Amino acid sequence: MDWMIGFAILIVKLGVVLVGLLLLAAYLVLLERKFLGRLQIRYGPNRAGKFGLLQPLADTIKMLTKEDIVPEAADRVLFLLAPAVVAAEALLIFAVVPFGASVTLLGKKIPLVITDLNVGLLYVFALASLGVYGVALGGWASNSKYSLLGGIRGAAQMISYELSLGLSLVPIVMLARSFSLLDIVRAQAHYPFILVQPVSFMIFFISAMAETKRIPFDLPEAENELGAGYHTEYSGMRFGLFFLGEYVNLQVFGALVAVFFLGGWRGPFLPPVVWFLIKILVISILMIWVRGTLPRLRYDQLMHLGWKVLVPLALLNIVATGFVLLIIG
Amino acid sequence: MTVYGAVFYILAGVILIATGLAITRRNLVHSIVYLVISFFGSAMLYYLFGAPLLAALEIIIYAGAIMVLFLFIIMMLRVEPSALRKPTLRQWLPAGVLGLIYVAVAILVVTTDPGSQTILETALARPRVFGRFLFQRYWLSVEIVSFLLLIALVGALYLGKAFVKEGGDQKEDQS
Amino acid sequence: MKSALEAIGALATGFATTFKHLFRKPITEEYPEYRRPLPERSRAVIVLTRDPDGGERCVACYLCSAACPVSCISMQSAEREDGRRYARWFRINFARCIYCGLCEEACPTSAIQLTPYFETCERDILKLVYEKEDLLVEHSGKDKEYNFYKYAGVVTEVGDKGAHEREEKPVKIKSNLP
Amino acid sequence: MPKLIIDDREIEVPAGTKVIEAAERLGIKIPRFCYHPGLGSVGACRVCAVKFLEGPFKGVQMSCMIDAKDGMVVSTTDEEAVNFRQYVIEWLMLNHPHDCPVCDEGGHCLLQDMTVSGGHGIRRYLGLKRTYHDQYLGPLVQHEMNRCIHCYRCSRFYQEFTGYHDLGVMQIGSRTFFGRYQDGTLESPFAGNLSDICPTGVYTDKPSRFFGRRWDYQRSPSICINCSLGCHTVASGRYREVVRQEARYSEAVNGYFICDRGRYGFFYTSNEERPRQALVDGKEVSYDQAIREAREKLGELIKSTGPDAVACVSSERSSLETQAMLKKICQTKGWQGPHYFLDESMAQKVKSASSRLESGLAVSLRELESADFILVIGADPVNEAPMLALAMRQAQRRGGKIAVIDPRPVSLPFEFHHLNVTPNEVNLCASLLVKTAVDLGAATDLEQPGIEFYQAIPKLETVSSSLQEQIAKVAQELKESKRPIIVCGTETVRQTTPALAADHALLLQATNKQAGLFYLLPGANSFSASLLASEDGSFLETLEGIENGTIKGLILVERDLLLHFHDRQRMELAFEKLELLVVLDYVNSRTQQRAHIFLPTSTLYEAGGIFITQEGRLQVVPRAHLSGTPIAQVSGGNHPPRIYESEIPGGEPRPGWQALAELVHEEPQPDENTTRSSVLNGLSELNPAFATIPAIDELPEDGMRVSSPEESSPRFSLDWIHELERKESPDKSLELVLVNWTFSTEELSQYSPPLMKLEKEAAVFMHVDDATSLGLSDSDKVTILLDRGALEASVSVKENMAPGIIVMPRHRLLEWQKIETLPKFVSHEEIKKVSV
Amino acid sequence: MIVPYSHILMFAGILFAMGIFCAVARRNLIMMLIGVEIMLNAAGLAFVAAALRWQQLEGQVFVLFIFAIAAAEVSVGLALIVYAYRRTGSLDPETYNILRW
């Protein structure tokens, strides 16, 4: 009986998170387009519904109804698999992200996280590293030179930045003394880690943008050189899955930044979940702002930044944090 | 048989099938994809055997890094599908004999060793415990291994650089 | 260190600029509500003009169809009773037309001209095939004064031999007098 | 062989070659207006100026007027020459009107090209332009004199080259006018060439006036099938119809020009009445349905009566593929036929002509131009094959002598001897002439049969003294000639004549003359028809079979029996007896309208085909355009309909051979090309003469000669003497001689509207003596009573024809198909004057 | 309660044999390297099972070292392969016979 209730709660949590994620992703797209539009002195979408509020719906309908084209020379199975990998990977990360303290419902204490893994952080990395496959396989399976180049770029870029992404979080783990995301949030009860780890935050933020392939790191889909990069040959809902993956990733990294550096769901006055959402949105808007401001990096600059700036910086940061921890005790 | 036993056999089956497919595919990318599935299964086995840290590391390092590296190289070099090597009898015979001996010995060892019949119990090595154990008993080995990694890094960099330099020289010669 | 500071300063300038943009009124012109008047020489829908005397200018010489890079013009020339060459039928497939204006440049009689009117979208692509009656207009467009037959020297109702601009009286072939 | 250097490149050319031509051999095209390789040079336009740097001439000279000489160094790009040419162009353009948009020459105008390439773009001359009034020159040529640049090509061509004089030069200086003295139709049957040779738009093609531009035409090489010569043409197709046909240069056949019948004889293919839909009992059905129906009915017929009950008839205008396919079908199915000729004697004549045309004797049309004596036996060149007359004209211009032995009132645009003997006397007259001219002593290597043949020719004294005198005069010229060529017709001559002509040619050859032989045959593909024709049976036997009921099914392939057979009434009765009449054709003939099942076939321009000319030259014609109703007809001249579908309206017609193959095979046929090549591969089984033909795409451009093995026909036969002894004609009666005219008697050109405007009034011709004895004078109306009724015509009285005959053209408006048997004799009583 | 230790050993053995086969039978340098990876993975599995069998963490520690070694091996190995491929244009080990006389 008990495990059945637990199971039911789990299913409900899964459903709520999934729906929330998808809705948020849809409106993040709108937000990005509107915000980007204003940054560029344009309106952004404003035709579908008031202020373009129905634009996500229109986009969804469009993507669902468009013809799903599979190139004749493509590797059919992998071609169909790749977008699913991307979308699934992005959605799965949220399984360990706590979006609030536990609530008590009908006398039962329900933690607001789908599952609290003791290696939660490693789980996040494991899934993030699998996201590469969607890009690389999609690019390869399309059998198109643009897609292939996009896929290669994507693989190289994501594998490079994963390193700095991981290293940037080591000090956080050292501070929190746990891989569990719940523990990390709890460890920020007094102050958010961004105050003590600004370098770490910076490295993580930059690496996260590179991992999500957002401007200025969108080399795998650089439209003016590669068409649309690894998803050049995709259309309809398969393209939609890539698209969805990208915006869910945006939220994921917003949530991770909130968890690792901004104290998770903590905040005054408002309910924790709202605070969590606000933090995600702030990070997202920051990323959009960056997109609206910075030009795309050159490939060698990208590698240079990853390997020669961020990785050494992250290592130094680890050593420094270690020293400080040793001294403080 | 417990649930864990069933999980083991299923995972073992998946791993064996995936690996079998991986080593026989002509298309290297397909091999890689099957291998990733195999490593995923291995990661789950690690978890089953009470090593969650290793499970995560298996995915991060094997599936997330090593296989991506392979995929990257395959895509970059545009490797065509390759055939299986057709061994001659002279090559095949010693290999076959040695293989048979290996199999015989393996079966002998596995069946005769009474300890091998023990049914394993579930256990869990928490990352904290594991880390403490590692850095208390084997910190020197960890350092040595990290040196090994550093050397590998330098070596790989050198191999990449050496070619570029040589290529540059060739270009100068041509012009 | 200095360069790092400079870089940060540059980044900050960039972010400041885009941030300032947030508060500016967008410069977008919203099309159906606001239609910007197009210059006279902008190139869109093609028309066939008439000469100042009201006659069809097009002599169906096929030069426009020859010049057309997408082969969207087709026609059939014929002869009127008065000797004028004209287009029996004239068809432009606007679904194919790229509005390059080469036909206008090729036209020796200023008949074919591009106009600024461009709102011709149709759901049925066949409706974008314009026939002569759709193309022919009642004015002479850009080159108002020109009438080809005043200069061509062929016999039409515009003039007999020797009656056109800059022509002598016809040679009397059976006379000994010059 | 002078060697000269043009633009730093050396070339060796035969002596007498003009510099402009030498340059062209190097690929350097020097501008020209008046110079034309067919017409020669006059140096009138001054635009071919080049600079001579070294050699016998120095400075700027006209390259068309100077023969290439050793040591010449010529520069076409020298600044002085370029400037000179530029000025020439500019002053030629002084008076040229700015009417290119409405000029039909625009797009292939030499003047336009030269003006543009010469760089003359801006007009500096501000004076008034000279103008002319234009003339009406007939239905073929449009006159627009304002555009003239006075290159004299037209008058040179018209007067010197073709020998007609009604178009020429008037006035002087800058007022020079080219035209006729008065408005009127040009007399020359070669007038259409004016629009080809005119370097600008003075003479333009009237039937295609204002139709399109050269760049839009689908131009493809073709040939003319309006007579047996097979002149080369270029067919210009547009919007699914042939719009214009131009002459195509051919080294061996027609040179640079063609006659108007060939040029404008193509309209049958776009005729509005042309049947394009298959018909079963007059109802329109689909092609496949008609074929199925025909197959079923044929099957029933054969089941009930046997394969003998079906007969096949084809014609001389069908392509070789169609003829061969029909032949194959008849062989394999056991059907009767096929007959390609209606008249047994004509079949024999063509057969003997094709078998006697040995490669040592045969000459091409162009080789005829170099003859120094041409003996025409029983042919009327202008009327039967106009280009033959043009070739003879060239021989005559070079000093050749020409004699015509023919009963008809032959008129040629040059001087010639006309021996107007009766049809019976043609053979005798020709033999006497040759005998007189040939000295047997000089003929050393003549074989015994030849000597016997020579000796069998009667003495000169057997004919009238005036004729003797003429023969002696002509014989003298023949004797002096080095390269005599015998031209032999087949239309009015006796059955033995073609063989006799060949024998005479052999006799002449035996006396060390380079004798040649040239036959005229009745249709475009008569030669191949005679190669395929079967030995046994004739059309008349088939007709009798129909009448007595043994033959119940008839398949007619591109053959109009009601037009060509001399007894229309009998034919119609026979048609009524038929159980099944299948007609395959591409014109709306009377016969087609009688068909039970009609299958439309495609024309030469739609399907291509292989044709063999009268000299045995096999020529392959590619398709010019796809079959289908011309857009102008689909739309009634207005906007074409906006239907988008893969089916072409009116695109039903298929090549005759393909339709035939589908008719007899149960299973659907593989694609066109395989069937076609299988037909062609089997040709050598039908006649060994085809064995030497290479693959179609390896044929030379001028085609190649097919000749039957030499021993196939006996030489020096004396049959003609036996024929001479038979006195056929009853006393006091006139032989009816059916002839063809340039226009309006040939079958296909009758469907051409511009040519029908040139149609002359139907008339019969009579010698003055016969007319006087009948009390008739010129342009009297008479009725002639034939076997099946009377015929009304006006009489044209001529002196230059044989007495004792009535020459009757197979004119459209003369219903001559009322004759029971040929030859037909008309007694004086049967000719009655009609009082108006 | 999972399964008998011998089953795991046999499973790891089969996996190892597959790795050997892959390294030996494929005419491709990359596949040979992959074979090595498979063998290392098989060994790792056996080690973890052994750790469980004897309840000793050394087994897991060794697996960690194996990971490190595998990473090092792959990076150097792939660098070598790229280098060799660029020199010869082929990945077939048969082409690298320049030292064989």
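Here the chain labels run A, B, C, D and E in written order, and each chain numbers its own residues starting at 1.
Quick note on the criterion: a residue touches a chain if its C-beta (ideal position, glycine included) is under 8 Å from a C-beta of that chain, and two chains touch if they have at least 3 such contacts.
Since the structure is predicted, the reported quantities are computational estimates derived from the model, not experimental observations.
In the absence of chain A, chains linked through touching fall into B, E | C, D.
Common neighbours of chain B and chain E, by the contact definition above: there are none. The minimum number of touch steps linking chain B to chain D comes to 3. Of all chains, the one whose CA centroid is most distant from that of chain A is D.
Ranked by how close its mean Cα position lies to the mean of all protein Cα atoms, the top chain is C. Set side by side, A-B and A-C show the greater C-beta contact count at A-B. Measuring from the averaged C-alpha position of chain A to that of chain D gives a distance of 85 Å.
Chain centres here are Cα means. That of chain C falls 48 Å from that of chain D. A separation of 72 Å divides the Cα centre of chain C from that of chain E.
Within chain C, contacts with two or more other chains are made by no residue at all. Looking at chain E, one finds that none of its residues touch two or more other chains. In chain B, the positions touching at least two other chains are 53, 57, 65, 69, 76.
Contacts between chains trace an open chain of neighbours here, each touching only the next in line.
Listed by chain label, the pairs that touch are A-B, A-C, B-E, C-D. Residues of chain C that touch chain D in their complex: 59-63, 65-66, 76-79, 85, 88-89, 91, 108-109, 126, 129, 131-132, 148, 151-155, 161-162, 166-171, 173-174, 178.
Those residues of chain B that touch chain E in the complex are listed here as 1-2, 4-5, 8-9, 12, 15-16, 19-20, 22-23, 28, 31-32, 35, 38-39, 42, 45-46, 48-51, 53-54, 57-58, 61-62, 65-66, 69-70, 73-74, 76-77, 79, 82-85, 87, 95, 99, 102, 106, 110-111, 113, 115-123, 125, 129-130, 133-134, 137-138, 141, 145-146, 148-149, 151-153, 155-156, 159-160, 162-163, 167.
Those residues of chain A that touch chain B in the complex are listed here as 75, 78, 117-119, 122-123, 125-126, 128-130, 132-133, 136-137, 139-141, 148, 151-152, 155-156, 158-159, 162, 166, 177-179.
Contact residues on chain D toward chain C in their complex (touch as defined above): 97-102, 106-107, 126-134, 144, 146, 170-171, 175, 177, 179, 209-213, 215-216, 239, 631-632, 635, 637-640, 642. Every residue of chain C that touches chain A in the complex is listed here, in rising order: 11, 14-15, 17-19, 21-22, 24-28, 30.
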